[in-house]
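In what comes next, chain A is part of two complexes: it sits with chain B in the first one and with chain C in the second one.
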Partner chain A sequence: MTKTTQTGSDVIVIGAGLAGLTAAVHAVQTGATVRLIAQGWGQQIVTPGWISVCDRAKDDVIAELRGYAALHPAHPYALAGDEGMIDCLERFRAITKAIGVPYGACVKAGHNLRLTTLLGAIQTPLLAPASMVSGDLTGVTGEILLVSFTGWRDFYPALAASNLAKQGITARAVLVDAPGAPQAWDLWPVELARRFDDPALRQRVIDQLRPHVQNAAKIGFPAVVGLEQHVEALADCTQQLERPCFEIATLPPSVPGTRLSNRLRRWLLRQRARVQIGHPVVHGIVENRRCVGVDVGALGHTNPFYADQFILATGGLYNGGIQSDESGRLWEPIFDLPVKGPGGTGREKWYHANLLVHRGHAVHRHTGLRVNTRMQPLDADGAPVLDNVYAAGHLLTGFNPLTDGCAEGIALATALKAVQVALALEAQKSY
Partner chain B sequence: MTPQTVDVLVIGGGATGAAALYDLARRGVRALLVEQNDFTTGTSGRYHGLLHSGGRYAVRDPETAQECIAENTILRRITPFAIEDTGGLFVATLDDPADFPAQWVTGCAAAGIPTEQLTPEQARAQEPALTPNITAVYRVPDASVDSFDLIHGFIAAARTYGCKTLIYHRVTQLIHEGDTIVGARLEDTRTGATRIIHAACILNAAGPWVSVIAGLAGIAVEVKFDRGAMIAMNMRWVNTIVNRLRPAADGDILVPVGAVCVLGTTSVMTDHPDDYRIEPWEVSKILNEAEAVVPGIRYGRALRAWAGVRPLYESPAAHHNDTAGRAVMRTFSVLDHAALHGVRGLVTVVGGKLTTCRLMAEQTVDVVCQQIGVTAPCTTAREVLPGATTRYHRLDQRLHRLEHGETPGELICECEMVTRPQIEQAIAAYGDQPVALDDLRRDLRIGMGPCQGGFCSYRAAAILQEVKGHSALETNRAFAAFVRERYQGVRPLLWGHQLRQFYLDELIYRRTLGLDWLTGDYDPHENVYAEGDHD
Partner chain C sequence: MTDNAQHLIDLTAFTADHCLKCNICTAACPVASITPLFPGPKTVGPQAQRMRLPGAPSPDHSIDYCSGCGICTLVCPHGVRVMEINTQAKAQMTATHGISLRNWFLSRNERWGRLGTPFAPLINFGLRLWLARWFAEKAVKISARAPLPRWAGYTFRGWWKKQVRQHPRPAPASDAQRVVYFHGCSTNTYEPHIGKLAVAVLEHLGLYVEIPPQTCCGLPAQSNGDFKAARRYARKNIAFLVDYARRGIPIVGTSASCMTAIKGDYQHVLGLDDPDAQLVAEHTYDFMEFLAKLHREGKLPTDFHPIERELPYHAPCQLKAHGMGRPALDVLDLIPGLRCWEIDADCCGIAGTYGFKAEKRAIAETVGKPIAEQVEAASAEVVVCDTETCRWQITSLTNATTIHPVELVAQAYGLTVDRYTPPVTARQM
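Entry: the complex of A and B
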């Protein structure tokens, strides 16, 4: 077939995770023309929805971040730099506010939130959707009322309450009838969230809850309180029950992640960015160490798309940005960039014998691309492979997103840095 | 505790012990079955699911081949609920010895195994995933059998006749009176409590552990331990059992069971009855061999690997040459220790196959009955188990029941389609005995599908807490124990798609739920970037 002539963009972003989406936002905000291409939505569709930046920080996270680069030079945070870290968080709060899924932080400035999980463990992310921030347990002394639905399989509040009690937090469980058809045997969080959008269905839940509120200081729901009308839905609960109502992250799929993804996509489209989700970039078109375009898979053929700069935010092993096979080979499928692994023969060093080992499994900590401070992927000798491809997010090596408490922080920080480098280069070329 | 008296004590809750309990029950014998773990935790549960037609043994081991086809026919009649009538194919490829099919056809005919030759085109019309390199292909009456359903079926049937079972109890001592064994001392493996059972005879069906039991009577029974690994793929690559038509070797069966396809197996001699290791070469070997029959399968998603230990036995009188593994006959032996060693009150059964479990039970119970003076003949081959359906199991049964409201309630394990009321019933069946999530897995298959417990572990743990009134600590431990057990079978297969699946599972355990905080695995203030972690 003949190649149709494409008008190139200033930037092509590959990937629709937190890194890809926020990179596209930053690029749009500088006035660049942006095309985002992704095989599917990123990990935010299954993660709890909060922003882990430095979950293990004891006191002031921001203060801790200021010295991070010097202390941990191999960590991806060092690439963003202290100011870049703080900048990316402020920008994220601004854009989420603008699109109607505001993220908030602990009232104790710079400190991590203390949020209960479905199981009653306490997680400590820095930022979270406002609907979760109202459940911050920092300094809470009163009783928490935990709400689930009779016959709903995804939240057992009595178990959470008993685990919270061991940690000195008083909680009480209550089950009410779910909004809408009660007999659903396969009720997913997103379906339940849609039902909460309907004021009449929501009202039935609120009415059932009234007699149970009693002395509760706060009321926790699973994170299904509305999909499109979630701000109104939660405000409605809070107003009528006269207590701060909050959401607790559910098993996947993540309703908070779905809200964020939907709204970021719509915002990008309104800014006239192109957003193509559903077709994979199958490979990069490279000429003389420069990427000129990418081939995107379609039925039986590929379509090329051209740009000056490329942000590669395809994710790690989970997301498909890095592939693995039985022999222990690890590869990056689009540009065949050099991938660093855990070492050893075959897969012997990938997984620890203990599933819940506290540092996590080596395969997630060590697998990824090495980049220079310009976010350019490096070869084994430490030289950049391509001049205009910048990697961001979980594609990078040097952290474990499951155990280190920095999964979202890395996505946000490295995405901002990659855009800044890419567009500064663009400016040099144009002027 | 006052000693309990039964006619016969059966040791071992695998297929043979369960079938023996049922056989004794039908002969009017009061029997008790004791098992050191849960039912089906030994070789019978670490099984590929192939109900042999006998074709696999037709050339080298005609006796086993005959036993298999006879018992295949009987089990189809008496336990159809545990059997899916998939049929089987024996497939020779260009890589296999060209003279073997003719020998095999002759062997099958001699053993009474019906075979039907197909053209490669016919075979591929039935199973389109088969390799184009087929040189010969035959249809045989193989089937797939769920060993959990089979054993639970025998146990439930024996109970209707008044026989009893005791799980999580280990035999620690056999009680002698002169040269006669008159009972056993048992230890509750969970509480340490002991109890004494008096029995007129003990039936030792402990599988790989028979020599341990015989050793308690001072009798040496030399068992060879033959370890075999199996891999479950995430879908039914074939709907018919596929055997490689060649002399038995590693990795030459593909068995559709439930929603998965089990690939097996290897044969490695080991020194321990509970050596369940899986070496990386075994995984590669099994996938490579399956690839030769079903091209592309090695790039599919491997869900879980497990190993079982076959107890192999050759009577000292039979052979003295140093045979091992596949060279040892797969037939079984009933050891009457009264005749062999002058010790009355103990009969051991060793060797054999799951397919022949009923026959093994029959012949062993015959010897036991002779010792205790019971003359009733075996009647287990005649009719379907009491109360059981006369229809074969079908893959779509669970979904059908769910969609037609026959199993109401929320779906807890989506992969295996298990609902909350089913879990509650299974828990209730244990009465006041402790229940582990892994027990429920063997009862209901929870956690055995593609996500290997990622979603259902939390739900099932919480339901168990609600029903049993456990503390949070007990519940967290039960949850963690279950996901750790599931991890053991996934760990050898973590690459590609299954690595991605398991990242999601780990994400749920660690981030969404914070299980590692509650079990103490996670230290919030430990520096994960300690020395030596960067290179």
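Entry: the complex of A and C
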């Protein structure tokens, strides 16, 4: 499918976060030739791996989002358009199913899930890996059994149980020996997950748990139940323990995020797309408001890569898409696109005096690129800066990815919109 | 910020300061997740570096289990040169505790290749005896399961000298028609056909090939922590090559890992921070990268004969480090009928000399498993890969024949060389 031409590929996607990866998938699915270039993996490997669309919605999530977008025309959801929202969620579910990391939603259609964290707090994303969805607390009345490993520093299930109790959910904690290592102090989630891939090691955990199941309605494990064989691993636990087993997001690195990233990469490679992770794009080659290529900072010399269309999904302040320094200067390093900031001189308006202030700090809400409904970055007068560069994900201004509970939804919606505009697919609803 | 301050920050050890401790590298490290003996890149790298003088020895000896594959450096979103920091720490350990006989032996492959050539049949036979392998494992700790090369019985350099003597070439009108070929040790003594094909392709493109004196790139010594030897090799190569670089003549090589050393490691790992090293790095290209560049410039003839095949391709970890994308795939895509696809695998496990070590062989085999699985699932009989030790490892993990992409390019141009049968046509599916 991917065919090198004199001018390069149809699309270059910059960034390997949720926005970049899904943009690459959409573009490949239209038959375009795609090259994805990223300095490193995106933030899905340090986040739970679920999809927050509008965490605060109490009932119909999309209705709430529509209402919000109508009131806030500059919000990325309003710019991407609400019909795109439903479309991108359906596509995400379809591709994750196809690559073997299926995502699911709440049984109450259109509602947010209610998932416990390792501290026993309840989080409300719209979609989550199927392994987490089976732990949805919506309507649960029975007792939850929470499992961790003796000596493991990253999950104290008794604490989670006591916090859940305060919210009216009965939970009980149990510690068992970690698979393949009685002392689990320094094990990383990914390391534990690989051990769960091994049926013999997994069996030892299951055998230890059997006497503790008792009246439990569901059994929650930290999200380390298998890496490559995770569907089989969780099904095995569920079948043998005769209770729905589920996963709870861990501290980084995130196994669900790693599974998703690995499988998306494998799918893209098998479609003969290029996936180049490891070096930064240092410079955009621009001629008459058109980007013709990008230079990649490489060993010895930079390397140019050419394409017709460019999707910029390099993340926000924490991911390298926006840079800052001690003087309060904010800049976009590849195309030097205009960056909107919190205003004021220096960094005086960046932070609130209260670290945990409701709705977060100004620097996180306001810093980013302004785009139009075609996802094109804009200058101070509101005119597109470049004809064929489209921005998506955390890079955009107008929301706070740390507090608003919509970061993944925005990544998916804006990535889809960017690809549709770039490949002029707005008219064709489905391809 | 002053240029000097920026330079200090860019120095490898100081990239540790960009580390957010996000553990993305830990999740990706192919070694950490399969052995409890290695706590992972963040722990032994930037975490261990944060209170340490750059260059001071690491107290943590588990770093010996790092394979040096560099995946950590690639996945880090913040530009931390994790592998480079680890390799420097390893060198400090070697400087303090000395190098083992086995690691010294593996670091001097260049010598064994040369010295063994006249005795090729005997060595090739002897090294495949079960008893010899058992002895090597017990006495020197070189794994009995590790893939060994075959000595060709003649050297590429010897062939080239004869070639030039028999067919004198007119000197080209300008330096723009010249190209330097860096063959590396393995092509010289084990796989001369790769070098012969590379020369055939370059000459087909109308280029005047120069093959100046050269020595081992130094990577085996570097990855075994012997920086003294590695720097000696590096300085020699720089001296051999810098004149060409100064004249703007490209230096191309068919071993992607040797080219990583010359382009990057001389500076970022060995700390050879001089203008000559930089100049050579700037003008050095992986062979397929060079062809892709010619294509971008409209200078690559694309009158290829079709090759009707679908072949898996493995991008070696050290090739990924170049930051040049996958030029082999970009060029092979120009051949009608040929459909190559990249295997999803970080590293084949061999990582230079790592997979030859008895105590690390099982790790190396587990790291390479995804390759074997995908090759098997595709029922592929031929795998394409740019680096020699990776090819040997893939052959040992699968039943596939492994080839360098230049073999396909030569075949598509209708070129061949003596004492060589193109494996793709030889093994039609």
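We adopt the following convention: the second predicted complex is superposed on the first by the 411 of 431 C-alpha atoms of A that agree within 3 Å, B and C clash if a C-alpha of one lies under 4 Å from a C-alpha of the other, contacts with A are read in each partner's own complex, and residues count from 1 in each chain.
Note that in this section contacts are C-beta pairs under 8 Å (C-beta built on N, C-alpha and C of every residue); 3 or more make two chains touch, one makes a residue touch a chain.
Quantities reported herein were computed from a predicted structural model and do not represent experimental measurements.
Colleague: Just to be sure I read the superposition right, which of the two partners does A:Y68 touch: chain B = first, chain C = second, or both, or neither?
Modeller: In the superposition, A:Y68 touches no partner, neither chain B nor chain C.
Colleague: Looking at A:Y103, would you say it contacts chain B, chain C, both, or neither? Reply first, second, both or neither.
Modeller: In the superposition, A:Y103 touches no partner, neither chain B nor chain C.
Colleague: After the superposition on A, what does A:R359 contact: first (chain B), second (chain C), both or neither?
Modeller: The answer is first: A:R359 touches chain B but not chain C.
Colleague: Just to be sure I read the superposition right, which of the two partners does A:A181 touch: chain B = first, chain C = second, or both, or neither?
Modeller: second
Colleague: Between chain B (first) and chain C (second), which, if any, makes contact with A:I277: first, second, both or neither?
Modeller: So A:I277 only meets chain C here.
Colleague: Give one of first, second, both or neither to describe whether A:I122 is in contact with chain B, with chain C, with both, or with none.
Modeller: Only chain B; A:I122 stays clear of chain C.
Colleague: Chain B or chain C: which reaches more residues on chain A?
Modeller: B
Colleague: Touch check for A:V46: first (chain B), second (chain C), both, or neither?
Modeller: In the superposition, A:V46 touches chain B and chain C alike.
Colleague: Thinking of the overlay built on chain A, is A:P252 touched by chain B (first), by chain C (second), by both, or by neither?
Modeller: Touch partners of A:P252: chain B and chain C.
Colleague: Once the structures are superposed on A, label A:F92 by its partner contacts, choosing first (chain B), second (chain C), both or neither.
Modeller: A:F92: touches no partner chain.
Colleague: Of all the chain A residues, which ones make contact with chain B and with chain C?
Modeller: 46, 186-187, 252, 318, 320
Colleague: Okay, in this complex, where on chain A does chain C touch?
Modeller: 2-4, 6, 35, 37-43, 45-46, 181, 186-191, 193-194, 227, 252-255, 258, 262, 265-266, 269-270, 272, 274-280, 296-301, 303-306, 315, 318-320
Colleague: Show me the residue ranges of chain C that touch chain A in the complex, using the header's touch definition.
Modeller: Counting only chain C, the residues touching chain A are 20, 22-24, 26-28, 32-34, 36, 39-40, 73-79, 260, 262-264, 281-284, 289, 292, 295-296, 298, 320-326, 329-331, 333-334, 339-344.
Colleague: Across the complex, what residues on chain B touch chain A?
Modeller: 280, 283-284, 287, 298, 402, 408-412, 414, 419-420, 455, 458-459, 461-463, 465-466, 471-473, 475-476, 480, 483-484, 487, 491, 494-496, 499-500, 503-504, 506-519, 521-526, 528-529, 533-535
Colleague: Which residues of chain A touch chain B once you look at their complex with the stated criterion?
Modeller: 46-48, 52, 55-56, 58, 72, 74-75, 117-124, 151-154, 156, 158-159, 162-163, 165-166, 183-187, 249-252, 317-318, 320, 323-326, 328, 343, 346-348, 350-351, 353-361, 363-365, 398, 400, 402-404, 407
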